Every structure is written in C-alpha cells, then in structure tokens.
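The structures come next, written out as structure tokens.
Each of the two complexes below includes chain A, the first together with chain B, the second together with chain C.
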Partner chain A sequence: MNELVFFINNVVIAGSVTGAIYAIGAIGVTLVFSIMRFAHFAHADIMTFGAFMVLVLTTAFPSVGMSIGVPTALVMLPVAMVITACLAVGIDKAFYKPLRAHGVKPIVMVIASLGVTLILQGMIRLFSGTGGQGLYVDDRKAIFRMLPFENVRVPIVITEPQIYLFAITLVAVIALHLFLSRSRLGKAMRAMSDNPELAQASGINTNTIVAVTWVIAGGLAAIAGTLLSLDVTFKPDLSFFLLLPIFAAAIVGGVGHPFGAVAGGFVVAFAETLAVFNWGVFLRPFRDSLPTWLELPSNLAFVGTEYKIVVPFFILVAILIWRPTGIFKGKVI
Partner chain B sequence: MADNNYTPQDATPKTSSLPLRELCLFGALLIAIAGVYAMMGAAYSTRMLVEAACYAILALGLTIQWGYAGQFNAGVMGFVALGGVSAMLFSVPVNEAFWGSELPAELGKVLLYAIGATLLVVAATKLNRLGVPKRVRTVFAVVLAIVLYMVVISLLRDVTAEIESQAGFIGGLGLPPWTGWIVGGALAGVVGYFIGNVCLGLRSDYLAIATLGIAEIIKAFLKNSDWLTRGTATVSPLPWPTPGPETLGFTLSRAIYLSLTAVIIAAIFFLLHRAYHAPWGRMIRAIRDNEVSAAAMGKDINKRRLEIFVLGCILMGVGGGILASFNSLFDPNGYLPLNHTFLVLVMVILGGPGNNLGTIFGAVAVYIIWIMSEPLALYLMDLAVAFGAFAFDWQAPSTIDSRALQARVMVIGILVTLVLRFAPKGLLPEHIKQHD
Partner chain C sequence: MTPLIDVQQVNKAFGGLQVIDNCSIRVEKGSITGMIGPNGAGKSTLFNLMAGALSPDSGRILLEGEDITALSADQRFHKGLLRTFQIAHEFSQMSALENLMMVPPQQAGENLFTAWLKPGLVRREEAEVHRRALEVIDFIGLHHVRNELAGNLSGGQKKLLELGRTMMTNAKIVLLDEIAAGVNRTLLGDLISNIERLNREMGYTFLVIEHDMDMIARLCDPVIVLAQGQVMVEGHIEDIQNNPDVIDAYFGAGAA
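What follows is the complex of A and B.
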C-alpha cells in the first residue's frame, strides 16, 4: 500500500494542483484567443504580475490575515485581482488597441504581446529581484498528513494552499460559467467570439466586450499566479515555464471553450505527472517473483523531471496533427 | 483564412533612384561604430562586430521566414543552439578516453536497438493489412511502443551514465569547424521540417507556440545530456577556423574572423537577393500577400511554406554554429530566449522584414544598442540610487546592479512595441515594385 500512497501524493495530488493552475491560466488564454483572435503570450507574465502584487501587499500588511484566520495572501488576492485587471485593460489600451485599429494581422498582435511580455518581465525583475520569495510572510503554511490505510507508515500529504487552490478554482469556474451563460454581457461575449461582425451589427458594443474580456483574463491570471506562488514560491521567471503548458491546454480543450480549457489543463497536468512518475515503484513489490533474466532498472519513468516540458509539447503536436480543433471542437482554427 | 488582408498599396513605393534613406542610416551606423571603437577600444569593438555579424546571419534566416513568407518563428534560440552543439561536436578534439573503451560499441548497440524498436512499432501499425482488426492493431501498437520505449530508454540511461563516469563526454570529431556549421544547419533544417510539417497548414499563431516549445526542449536536452555536451560544465575552447588570438593577438585574429563572417554574409546576401527577385521569390511573396489567389494559380502553398521555413532554419543553424565557434565556448545555459530569440526578432522588425539590407542594418544597430545598454543601465541605476540616497535617504538593495542588467529586457520589449506601432514596416521597408 505504500506504493499507492506514493502514487496518490506524486500523481493524484500533484497533478490536480498543477491541473487547476493550468486550467485557470488556460481559461484566460482561451477567452482572449476567441474574442481578440490572437495567442496572448503575455498572459503568463500577467500571472506573475498578479502574484507579485499579492507579494507586495502581503509584505506591506503582513498581519491582516491573522485576525480572520486565513493566510494574508488570500485576503490580498481580490485587491491584486483588481490591480491586475486594470493592468490588463491598460495594456490593451496602450499596446493592442492601436494595432487593432490599424487592422494588422493576428500574428503581429502575437509579436506585440511578446514585447509586452518582455516589458512586464523587466519591470517585475527590477522591483522584485531575481530570487524566489515565499508568499507566506507572517503566516505559517499548514500541512495536513493523513493515514487512511491500516499498517501504512507513509501519510498522504496535502497542504493548506492546495486546499484553498481547489476551492478557489471550483468557485472561479462555476462563477465564470454562470457569467457566460446567464448574464447579458456573457452572452454578448459568446456572440462576439462566434462572429464579431454579426455581433457588432446586432448592437453589441465590441469595445465593452473587449474590456470585459481583459478584466476577466487579468483577474483569473492573478488568481492562477497567486495560487501557484502560494503552493511553491514567487519567482520572476515563473512565467516562462507556464506558457507552453497553458497554450497546450487551451488548444487541447478547443480554443474558445472555457470548459475545454479546464479539461485541457487537467489533461496536460496529469500527462506531465504520469510521464515523470517512476512506474518501477509499482513493480518493486513483485521483484522477488520476477524471472531472474529480467533485471528491473531503478528508474522506469517515461521522461526525467528535467524533460517535463517535452510532455505538453508532444500533446500539442499530437492534437495539432490529429484534431487541430481540440477535443471540444474549438472555433478558431 | 482571415489573416490575409495585406495590401501592397500599403507598402512604400520606391520613389527616387538615389537610396537616400539607406545612405543616411548606414552613415549613422558607421558613426555609431566609430564611437564604440573610440570609447571601448579595438579588441572589444571588433568582438562586438563579429557577434553582430553572426546575429546578422540569424536575422537573415528570420527575415526569410517572417519577411518573405509571414511565418513567425518564436524559437530561434533552439535552432541557434543546434548549430552551436554541432559546431562543438565536430570541432572539439577527439576524446581518447571514450573512443578507446568499450563505450562506443555499447552506444552503437543502443542506437541499433532504437532503430529496431522503431521498425517493430512501424510494422505493428501495418498489422491491419494482415487482417487484424484496426482497434486491436492500435492497442497492440501503442502497448508495444510503450514497452519498447521503456526498454530502450533504460539501456540508454545505463550507457550514458557509464560514459559520464568513465569518459566525461563523448568528445568531438576533431574536424574543421565549418563542417560543424554545415551539419548544424542541416540539423536545424531537419527539426524545422518536422515543426513546419505539423504547424504550417494551421493558424500562424500555432507555429509561434510550437517553435517556442521546441526551443525550450532543445535547450533542456542539451543542458541535461551531460554525455553529449557536458551539460552545465560547458565545453571550451572550441577551435577557430582562422588563426586564433594566441598567435595574432585579439584585434587582428578577431578582424580575420570578422572578414570570414562578412564573406559568408555577402554570399548569403547575394543568393537571397537573386532568389528574392527570381520567379521563386515572387511566388513566395504572392503566397504571403494573397494566399487564395496564389492557390488559384496552382501554387502548392504548404510545400512552399515548408521550403521557406526550412531554409530560414538552416541559416539560423549555420549562424548559431559560427557564433558558438567564435565565443569558443559551448554553454547550453547561455542560450536564452531573450538573447537568441527576441533580440533577433527586434533586429528583423526594426531593420525591415523582407529587406535583406535593412535586416543587416537592424542586426548591427540593435546589437550595438543592446551591448551599450549594459553600461548605460548600470549608469542610470547609479544615478537613481544616488538620487534616492540624496533625496529620501533610501538604502539601495545590494543586488541592484544585477537587477539593472535583468531589467534590460525592457529595452527589447519597448523597442518591439514602438516599432510595431510607429514603423510597422521597419526603418528600411521592403521595396514593392509598381508596374503602372
């Protein structure tokens, strides 16, 4: 049973944590992709920016959370979401809107978003330094150890931020679903993603929709960045390793489908954790009963942890070859 | 596809026969170079020029892809690194500790196993021709592929661990560096072929995402394959094809290397110039400007796109090889998306995508800006710190210098956004011939 607990710790929990973060990130990417029709490369850096805002606020008021009983970083999250949403709208006004007005190709917007990526990275590095910093400034990270099975010595480990992570992800996804399916603005957003000209002709104010999209994308990015930094630590170069998995998740789920993005996020995350998991662990109990000519290698993982980035790439390539519209038939091809 | 509303009227028509713009810009560039020579000394400045020349080759590769054909490659770094590793593997002296032992045979055996396993899996995918139901065939092929992959990868891990412990790394071939440059170009071309095959038929954004990914994968591979590249331990010195600094001194030897790269650039420039004005170049631009009508004229769009993408990747591989040889150091960690992808991108879009002369101008100008922004950033930061200490009694953190250097990415980012906004066709725009 030790092996099973090992599997739960290393695959089920780790995969769900990464999956939730990829999912929230991919929702933002997929929304921007379907409304503005370009791959927004600066999304991962907006995530880092959101996390950095939380870090700044938490360092400024380290003891706020103590009185309520939650980590200070979570109390600061709504404020950071507002700031990040403003930043996203501001970036759009300053950099993307003039290009859109000029009617450039989508790929030029992609290059502009790369420029924004670099500017954001430079600013964050200038103000935060290059090292990692924990978001738990004054609070302590609670770690829960559970022993669900008899005569197993290894506990299932889950930390406090991971529990918050699952709860917040669930709330965010449900809230977004209700917004998109019930509210007038949400329906207008879906209309614009289906057919921008038709939406404009039927009286939808596209400027408002664009702004709302950026607000949602910025807010979600702040959530994803903060939750990731809570789980590990805040680092200015957090973003670069997130970009590929998030895009893979958005494309796997089908561009323009928020639920597809969630599914894609979990697919990519579990594929990653399963690929780096050492399957030899499960064979170890049978080591004595194996025939002697079969010598079991110590490491039976598909790829080493250092090659984790290969996994989202191969998922991306596979989906682009066999089903470029994604599992849920996205709209943008 | 929606991304083809390009109108040739948009482009700057060629008005005067005297290339005034070119003359002014290159004159300014010459003055800037002279300024750097006066300030920094000849050895340093010549090194800067050689590096700028290597970047010019990379930029020519990107200008083919982005300027001629409108394909955006966000993973230049990966192709540059492939060129670098190939230059290293071909030019570094032979490692007797590796070749004298049993290890080459072991490694060869694993490679044979890998080929055999691949053939078996391919055979398994053809089982349906023998009457096996398709679903059974698919399941069988996937299971077989996983098992064989595990077997081969375990064997490979054993052999590479042996190589690392006994011989360090497999060493080079001791051949002249230019063989490595050519093979590096070919290697980059092969990788570009696979990526292009997958992505070029789809939205242009997907190519950017995929190339970004492949660049990170290539870097991860080179960084972690200690048996092949010594990983973070780095390989140096790489021999030069020209007399090295120990015989001629820094300035002269670098000047000779510079003339070598200049000859290579001139050759590439000449060939590209001919290709651009040939029917082939017209066809490529026709596909870029209006894909639908080009297809209606019977052009094989995907094949042409692949052709041009591979050609650009080959140039990047060659440039990467030349750059690695010049630095005389192969350090997988030294390949950064910033220095090797975005810098090249700025060079191309600032200089003028699709205009070879503009691209070379952009390469040299941006490289000078980039190099000179280092002392400038430190100086500005010093000023800011002094002002802060004077006005607000502010204690600067000790890491402020490294932060100032890190913040230079902003220079590139601001350049990209400014150029896209105010000079979308670059400083030396592509000339469009008007036939009234």
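What follows is the complex of A and C.
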C-alpha cells in the first residue's frame, strides 16, 4: 500500500496540480489565438509577471493575510490580476494594435510577441533578481498529511496552496464557461472568433472584444503564475518551463477551444508525471519472489526528471501527426 | 432633400490598381436603388467602403448629411447602415436563431457595466430579442431550420439568413451584395417580395448589387451602372438596357 500512496502523491496530486496550472495558462493562449489569430508567445511571461506582482505586493504588506487566515499572496492575487490585465491591454495597445492596423500576417505578430517575451523577461529580472523567492513571506505554508489506510506509514501529502489551486481553477473554468455561453459579451467574443467581418457588420465593436480578451487572458495568467509560484517558488525564468507545456496543451486540446485547453493541460501534465514516475516502486513488493540474478534498478522511469520538459514536445509531435486539430477539433470558441 | 447616402468623390486603390476612381453616388431615401456593372467594376469595393470594411484613400461618405467616413463598420451599423456579404457570412458554430440574436444594436448586455449592474434589464432585452428573432425567422421562411448550426445551412438559406439579419434592427439603409446569387427560383420570389415589403412597410432603403437583370428590373429604380470604378450612367432600367455605352461595357466594343 505504501506504493499506492507514493503513486497518489507523485502522479495523481502532482499531475493535477501541474495540470490545473497548464490548463489556466493554455486557456489564455487559446483565447488570444481564437480572437486575434496568432500564437502569443509572451503569454508565459505574462504569467511570470502576475506572480511577480504578487511577490512585490506580498513583500510590501506581508501580514495582511494573517488577520483573515488566508496566505497574504492570495489576498494580493486580485490586485495582481488587475495589474496584469492592464499590462496585457497595454502591451496590445503598444505593440500588437499598430501591427493589426497595418493588416500584417500572423507570423509578424508571433515575432512581435517573441520581442515582448524578451522585454518582459528582462524587466522582471531587472527588478526581482535572478534567484528564486518564496511567495510565503510572513506566513507559513500549511501542509496536510493524511493517513487514509490502516497499517500504512506513508501519508498522502497535500499542501495549502494546492487546495487553493484546485478551488480557484474550478471557479475560473466555470466562470469562463458561464461568461462565454450566457453573457452577450461572451457571445460576441464567440461571434468574433467565428467570423470577425460579420461580427463587425453586426455592430460588434471588435476593439472592445480584443480588450476584453486581453483582460481575461491577463487575469488568468496572473492566477496561473501565482499558483505555480505558491506551490514551488517564484523565479524570473518560470516562463521557460511553462511556454512549451501550455502551447502543447492548447494544441492538444484544439486551438481556440477553452475546454480543450483544460483537457489538454491535464493530458500534458499527466503525461509528464507518468513519464518521470519511478515505476520500479510497484515491483518492490515482489522483490523476494524475483530470481536472485535479477536486480531491481533503483529508478525505473520512462525519462529522467531532468528531461521532463521534452514530454510535451513528444505529445505535440504525436498530436500534430495523428490529430492536427486537437482533441476537440478547435477552430472557434 | 438630402440623400440618405451620399458618396462624394471617393478613391480607392489596391497597390497600383485604381479600383474606385473619383466615384460619386447618391441613394435617395425610400428607394430601392440597383447597382450593376461588369465584373471588376468595383461594386463590392464600393460597398465595402460604404459599410466601413475598407477606408477610402480620399473622398467623403455622408449618411443623412452626416460625415461617416471616419467611423468603423460597427459604428456605421449603429447608425442604421447595414450590409450583407456577396459570399454569405454566418456564425457557423451558432444556430440560425442564435445568428439572428447576435445582431440587435444598443444592447444593454454588451456594455460590461450594465451587464453586471442591471441583470434584469439585460434579461428583458434578451427575451425581446428572442421574440423578434422568432418573428424574423418565420418571415424569411427558415423556421424549420432555426436550431440547425448556421454552418450546415444551404447557400440559399444562408443568403436568407443574411437578409434576416438586416431585419433584426431598424435599419435606415441596407446594402444587399448579390443576395439572389445561389438562391433557387422559388426562394428568390420570396426574397424579392420580402425586400419590397420591408421597403414599403418599414421604410427601408436598399442599395442592391445584382447580376440577375430580371430581379433588377422588377425591384430597382433607379439603377446605377458602374464601370472601371466610376458611374457610367444612372437612370431607369429600360433606358439603361438600351444604352449603347452599357452594352459596350458588358460585352466589349463591337458587340451587337
């Protein structure tokens, strides 16, 4: 049973945590793509920026959360979401809107977004330094250990930020669904992703829709970046480890499809955790019945942890060969 | 009387090609004005300039005397200037009924603040829009496919849906870009009588691009002939059909 708990800790919980973060990131990528039709490479850095804002605010007011019993970083998250949303709208106004006005090809927008990536990475590094910093400044990270099985000494471990992560992801996805399916503005967004020309001829202000898209993408990016930093630590190069997985998630789910992005996020995350999981632990109970010449290797994973980043790449290749439009056949929201 | 639409000396070039060449046209209020011309005459470009999908290199466009040259397509929509597309456009992933419900202008729900602050108002409007969309879909005879995804409709049905879109709101002028192309004969009769009804009963003004001369003859007066980005002649259809310049433009010099 120790092995099962090990599996739950290292695959089920770890995979869900990473999956939720990838999912929220990939929703932003997929929304931006469906409205503006380009791959926004700076998205992962907007996530880093959101987390950095939380770090700055938490460092400035470290004890706000104590009075209400929530980590300070989470209290600061809404403020950081607003700032990040403003940043996303500002970046669009400064860099992408002039290009759109010239009617450039999507590839030009993609390259512009690479430029924005470099700008953001440089700026964040300039102010945060290069090292990692925890988002728990004054408060302590609560860790829950559960012993659900009798005679099992190893506990199932789940941390406070992970619980918040699941709750916030669930709320964000449901809220987005209601927004897109019920509200007029959400429907206008779907309309624009379907046929921008007709949307405009139907009196939909496409500038408003673009701005709303950036607000949602920016806000969600701040959530994802912050929750990741809460779970581990804040680093200025977080985006480096996020970019490939979230794009893989968006493509796996079907670009332009928000729920595809959620599914894609979990597919990529579980593929990663299953690939680096040490399957040897399941053989350990049988060690005594194995022939003596067969020595169990200490690690029996598909790839080493340090190669985790290549897993999404393999999934991407496979999806692009066998199902290029993704699980949900994405095109419009 | 000020014309409803007044296009004044508009120019538009794509690269080195002068598609609209110092062109001026007027559409009188309450008329069904036809626009014909050989392929490449610039009819659709002129429509795009009027609707705001393109902006002119020079010249002005007035709607009821008001300069709308600088307005975007959606702003012109809210001024009562509506258009259909030559190749039918639809929101393919929404049902026919939802397509119509996307249209109405000045909706409270589209403004972020009213959406959150006055949910009751938004709901009432939504119910009103739904009722109107049902009326329109009956009117254009698509009731039986109202819940079908618009992307799955036939070409002719999509054209009807385009006309239906213009009926969701109180338009001043509707630009119809080859609304009859690809519509079968029975539907075409309905289409024409619908356009006439909208003109007579609801005071819609129409500007119609059409290749079908029968439809032009039945529906439009006056008719503007466009050739090489300029107005060649304008007048009653019978005069135009007998005008030697027009025959030349369509069939080339030397044709009988």
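Criterion: the second predicted complex is superposed on the first by the 325 of 333 C-alpha atoms of A that agree within 3 Å, B and C clash if a C-alpha of one lies under 4 Å from a C-alpha of the other, contacts with A are read in each partner's own complex, and residues count from 1 in each chain.
Note that in this section a residue touches a chain if its C-beta (ideal position, glycine included) is under 8 Å from a C-beta of that chain, and two chains touch if they have at least 3 such contacts.
For clarity, every value in this text was computed on a predicted model and none was experimentally measured.
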**Prompt:** Counting only touches as set out at the top, which of chain B and chain C does A:Ile321 meet: first, second, both, neither?
**Reply:** first
**Prompt:** Which partner does A:Thr206 contact after superposing on A: first (chain B), second (chain C), both, neither?
**Reply:** second
**Item:** Comparison of chain B and chain C by chain A residues contacted
**Value:** B
**Prompt:** Touch check for A:Gly122: first (chain B), second (chain C), both, or neither?
**Reply:** first
**Request:** Report for A:Ser183: first if it touches chain B alone, second if chain C alone, otherwise both or neither.
**Result:** second
**Message:** Per the contact definition in the header, classify A:Pro78: touching chain B only (first), chain C only (second), both, or neither.
**Reply:** neither
**Asked** Which of the two partners, first being chain B and second being chain C, lies in contact with A:Pro148: first, second, both, or neither?
**Response** neither
**Residues of chain A that lie at the interface with chain B and also at the interface with chain C** = 332
**Request:** Within their complex, state which residues of chain B touch chain A.
**Result:** 2-6, 70, 72, 74, 149-150, 153-154, 157-158, 198-199, 202-206, 208-210, 212-214, 216-217, 220-221, 223-224, 337-338, 342, 345, 349, 397, 399, 402-404, 406-417, 420-421, 424
**Fill in**
chain B partner, complex, touching residues on chain A are 33, 37-39, 41, 95, 98-99, 102-108, 110-112, 114-123, 125-126, 129-130, 240, 243-244, 247-248, 251, 297, 299-300, 302, 304, 306-307, 309-310, 312-313, 316-317, 320-321, 324, 332-333
**Message:** Under the stated contact criterion, what part of chain C meets chain A in this complex?
**Reply:** 51-53, 72-75, 77-78, 82-83, 85, 89-94, 98, 102-105, 107, 109-110, 112, 115, 122, 126, 165, 169
**Request:** Would you tell me which residues of chain A are touching chain C in their complex?
**Result:** 183-185, 187-188, 190-191, 194-195, 197-208, 212, 332
